[in-house]
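Dropping the structures in below, format is structure tokens.
Okay, so chain A shows up in both of these, paired with chain B first and chain C after.
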Partner chain A sequence: MWKTLRDGIDLRIGLKDLIETKLKGYRIPKDTNIFYTLGIVALFAYMIMAVTGYFLLIYYIPHTEQAFKSVQLIMTKVPYGWLVRMIHIVASSLMLIVVSLHMISIFIMGSYKRPREVTWFLGGLLMLITLTFCLSGYLLPWSQRSYWATTVTTSIPTAFPVIGDYITRLLRGGEHVTGVTLSRFFALHVAFLPPIFLGIVGLHIFFIWRIGLSTPGFSKSAQHEQPWTGYRRTTYPESYPFYPNFVLKEALMITIFFALTFFIISFMPNFFMPEAANTPANPFKTPVHVKPEWYFLAPYQLLRLIPNKLFGITIQILLIILFLLWPFIDRSEERNILKRPLLLVLFLVLLGLWVVLTIWGRYS
Partner chain B sequence: MRYLLSIILVLVVSLPVYAVNFRELFEREFLSKPWTIERAEESTCIECHTSDLMKPELRNIPQEWKKSWHYKNDISCDDCHGGDREDKSMAMSHKRGFVGKPGYSEVPDFCGKCHIGILKNYKMSGHGRALRYTGTGPNCVTCHGSHNIQKASLDIIYERRCTQCHSYERAKAIKQALFDIEDKMGRLEEDILSLRAQGVYMDEEERELFRTKAEFRTLFHTIDVNLIKDNTEKFSERLDAIDARVKDTFKELVFRRNYSIFLMLIFIGMAVIISVISNRYRE
Partner chain C sequence: MSLLFGVFSATAVGSLAYPLIRYLAPPEEEAGIKTVTIDKRSILTGKAKEVVLGTTPVIIIDRPGKGYIALSRVCTHLGCLVNYDEEEKRLVCPCHAGIYDLEGRVLSGPPPRPLQQFPLRVEGNKIIVG
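Moving on, here comes the complex of A and B:
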């Protein structure tokens, strides 16, 4: 039965040839490490978000009177609705951790350098879109925490002179966070962002596939790399096939991702969902501590520390631009970060600052 | 390149220099309007009552109110006393419903504007009748205080307070009759809050508990021991029904945890199998 099916497909699309040339024939450098699988883990996490999101859409109602109730209905009455929602919540935070680790490892391994500048830029864009996904999705349960966190976050653009108030009104659909804001964020979350995201993911993967995987900047083979003068498919002195070797490594990391998700759901179900996330939104009652989600704590704390809000927001935008365009700014040929102490110190200081600000923002 | 990196490093390291208590400034600047409770605190009532021009005995009212259960539930000055807290010129205008401080015997009707059921039962009670006929019986303030009103509990009933007017026996009997139900309600409240913290918002049960509690406490204000004892079973049954649903939810949470542990173990098993297969392809 299975053989007949396989032969039938092979007869029509040349499946065996496809596996031989595009999967087994696609070579992966031997110097790659486990961090090289983080990209596919992130992509898989997005797929989990999409699938669980579709199920949540069946019961969710994007209306201020119904949103919280419908989410509670999913949590209490819909069979296994709690599981779908918990996976959606936990996997979204884990996905951001995976994406962050992916970007950090790419930076440390110097894999953003020529000819992979555009790949980095597209990856950076994907990270920003992921954060927008998180921001827009966060309001949807219409809980006390989501309402007030969104009130604070959507107030941030008011720092800009002239257009600041307009941007805030555009985001909110009025002066305050209301049902209009909920509709806008819902549309953004389920209709506008996914096709943009998928388009950029496609381009990102195309660039990786076309250029080939990089080797870590501090590896032996990286020292023998030829300067990039024109397009050529990257070749490696020592390599192994993408399928099954690398695919198995990726599958291992994906199962670990799932195991970690279920570990958090089992033993720390409130880790990403504090009590205020389970209280309906009340626009007339401000909670004592209004805080955004953990991934926005660092920029939030930075804004609190800098006295001038325009200066605060400007410095953050400059940092984002610097992050996106870094491969075009850093033109040094040296890929080994260990041979660039100033860059290494700067990177560690920024990373340390981000961690400190996140913890500070959480407990301040 | 080195210059650019040095500038960024200096900028980043020097940022904490500005870090001196800017939280309030940030929050005010980043919210287009003051937060709700701040709006209440910015009322003209508080402005005058905290000013040096106010009589000393009236100056500490805002501080007392800020410690109260009313404050925690966003009940502000004008909700009880009327008037307009946002317009200084009309703050104490009768046209805006200002009633000021009620007389001693007017207090029950003053509080009863919101606490309707309690007012009805209080008026039928010995306390209410004493106030009506002699003008000296206890009113709401006698037990609950005026501005620093706390969440009602059995602690309000104690010997020194009750014996100011009569013996403690009857009050003690009422307190004992109330104890079981109050205890059950307290535990249920904690359980519902615990479930909320665990991601389950029991809206219906919370409302039912609130209704039961309000009705029971309304009944208490009759200060009729026999009536309270007669109704105890009815309230107990209602609370047991809520308790059964709460217990079921706790069981459901245990099932959820076990089910996700099961899924976690499946994926750990898969990871082990993949790892073994992966090792075969290492070379």
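Moving on, here comes the complex of A and C:
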């Protein structure tokens, strides 16, 4: 039965040939490590978000009077509704952790260097879109936390003279965060962002596939790399096939992702759900000690510390631009970060600063 | 040929971009309530009352020895609503720890300018704001 089906498919699309040339024939350098699978784990996490999101859409009502109630309905009345929403919430935070680890590991391994500058840039864009997904998504439950987080975020452009107020009005659809803002963010979350995200993912994968996977800058094979003067597909003499070897590593990491998701849901369900997330929005009462999601704690704390609003926001925008364009700024041919102590120290200081600001923001 | 192509492309893009931006821009809001009247006896000395003027949350404070003042509760930093700290006699923003005095002036924290003040007059037992 299975053989007949397989032969039938093979007759029509040349399945064996596809597997031999595109999967087994695609070679992965021997020096790659487990961190190289994080990109596919992030994509898998996105797929989980999409599927659970579709199911949430069945009950969610994007209206200020109904949004909070409909989310409560999902959590308390709809059979296993709480599970679908919890997967959506927990997977979104874990996805951001995976994406951050992916970017950090790519940086440490020097894999953003020529000819992979555009691949890094697209990955950075995907990280920003993921953050926009989170931001637009957490207004939707219309809770105290979501309302005030959105108020703060949409106020950020007001730091800029002349056009700042206009941009804020454009984002909110008026002077304040209202039902119009909810509709805009809902449309952004479910209709505008997904095709943009998937389009960039497609490009990102295309670049990786065409150029081939890199090796860590500190590995043996990286020492013998030739400078890139024209397009060539990287070949590694001691390589292994993408399928099944690398696919198995990816499967292991995806299983770990699932294990973590369900562990948090079962044993730490409030880990990503503070009290303000379960209180309906009140536009006339900012909750005391309101905090953003963990991934916005560092910028939040920085805004508290820097007394000048324009300066505080400008410095963060400059850091984002620097992050996106880093491969075009860092033109050194040395890929091994261990041979570049200044860059290593700068990276560790920035990473440490981010961790300190996050913890400080959480407990301040 | 390329000039024509450029001109028509620019016309097409411009003609599409303008309505798109106009579509996304919010429609003008109606003015809403321009004044709010409250009973003077509802605020004791040193206490405050929160009201809404149009769409703006406002706080009316009876400052000891200085009389009433009406201030916007919208923090000038990033738009959270300030709370009245009755013991310390100041207004505190819970989001980024901006602190204002009872005149609306910035005492500490990141707010770039004072809280907006609204005109207020007392007529008999009524306080009229706006």
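By definition in this document, the second predicted complex is superposed on the first by the 364 of 364 C-alpha atoms of A that agree within 3 Å, B and C clash if a C-alpha of one lies under 4 Å from a C-alpha of the other, contacts with A are read in each partner's own complex, and residues count from 1 in each chain.
In the analysis below, contacts are C-beta pairs under 8 Å (C-beta built on N, C-alpha and C of every residue); 3 or more make two chains touch, one makes a residue touch a chain.
Keep in mind the model is a prediction, meaning the values are calculated, not measured.
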Requested in this report: Considering only touches as defined above, state whether A:83 meets chain B (first), chain C (second), both or neither.
Outcome: first
Query - Contacts of A:303 with chain B and chain C, given as first, second, both or neither - result: both
Requested in this report: Please indicate which partner A:256 is in contact with in the superposed arrangement: first for chain B, second for chain C, both, or neither.
Outcome: first
Query raised in the report: Does the superposition put A:100 against chain B (first), chain C (second), both, or neither?
Result: neither
Query raised in the report: Looking at the overlay, does A:284 come into contact with chain B only (first), chain C only (second), both, or neither?
Result: both
**Report entry** chain B versus chain C as contact partner of A:175, first or second or both or neither
**Finding:** both
Requested in this report: Pick one for A:336: touches chain B only (first), chain C only (second), both, or neither.
Outcome: neither
Requested in this report: Figure out whether A:75 sits in contact with chain B (first) or chain C (second), or with both, or with neither.
Outcome: first
Report task. In the overlay, work out which of chain B or chain C sits against more residues of chain A. Result -> B
Report task. Mind working out whether A:244 is in touch with chain B, chain C, both or neither, as first, second, both or neither? Result -> first
Report task. Jot down the residues of chain A that show up as touching in both complexes, chain B in one and chain C in the other. Result -> 151-152, 155-156, 158, 175-176, 283-286, 290, 303-304, 306-307, 309
Query raised in the report: Okay, in this complex, where on chain C does chain A touch?
Result: 24-26, 29, 50, 52, 55, 57, 77-83, 93-97, 109-112
Report summary line: Counting only contacts in the complex, chain B reaches chain A at residues 1-2, 4-6, 8-9, 11-13, 15-16, 18-20, 22-23, 25-27, 29-33, 35-38, 74, 196-201, 203, 249, 256-257, 259-261, 263-264, 267-268, 270-271, 274-275, 277-278, 281-282
Query raised in the report: For the complex, which residues does chain A have touching chain C?
Result: 148, 151-152, 154-156, 158, 169-170, 172-176, 180, 283-290, 300, 303-304, 306-310, 312
Requested in this report: Report the residues of chain A in contact with chain B in the complex, numbered from low to high.
Outcome: 68-69, 72, 75-76, 82-83, 86, 151-152, 155-156, 158-159, 168, 175-176, 240, 244-245, 248-249, 251-252, 255-256, 258-259, 262-263, 265-267, 269-270, 273, 275, 277-280, 283-286, 290, 302-307, 309, 315, 322, 329-332, 342-343, 345-346, 349-350, 353, 364
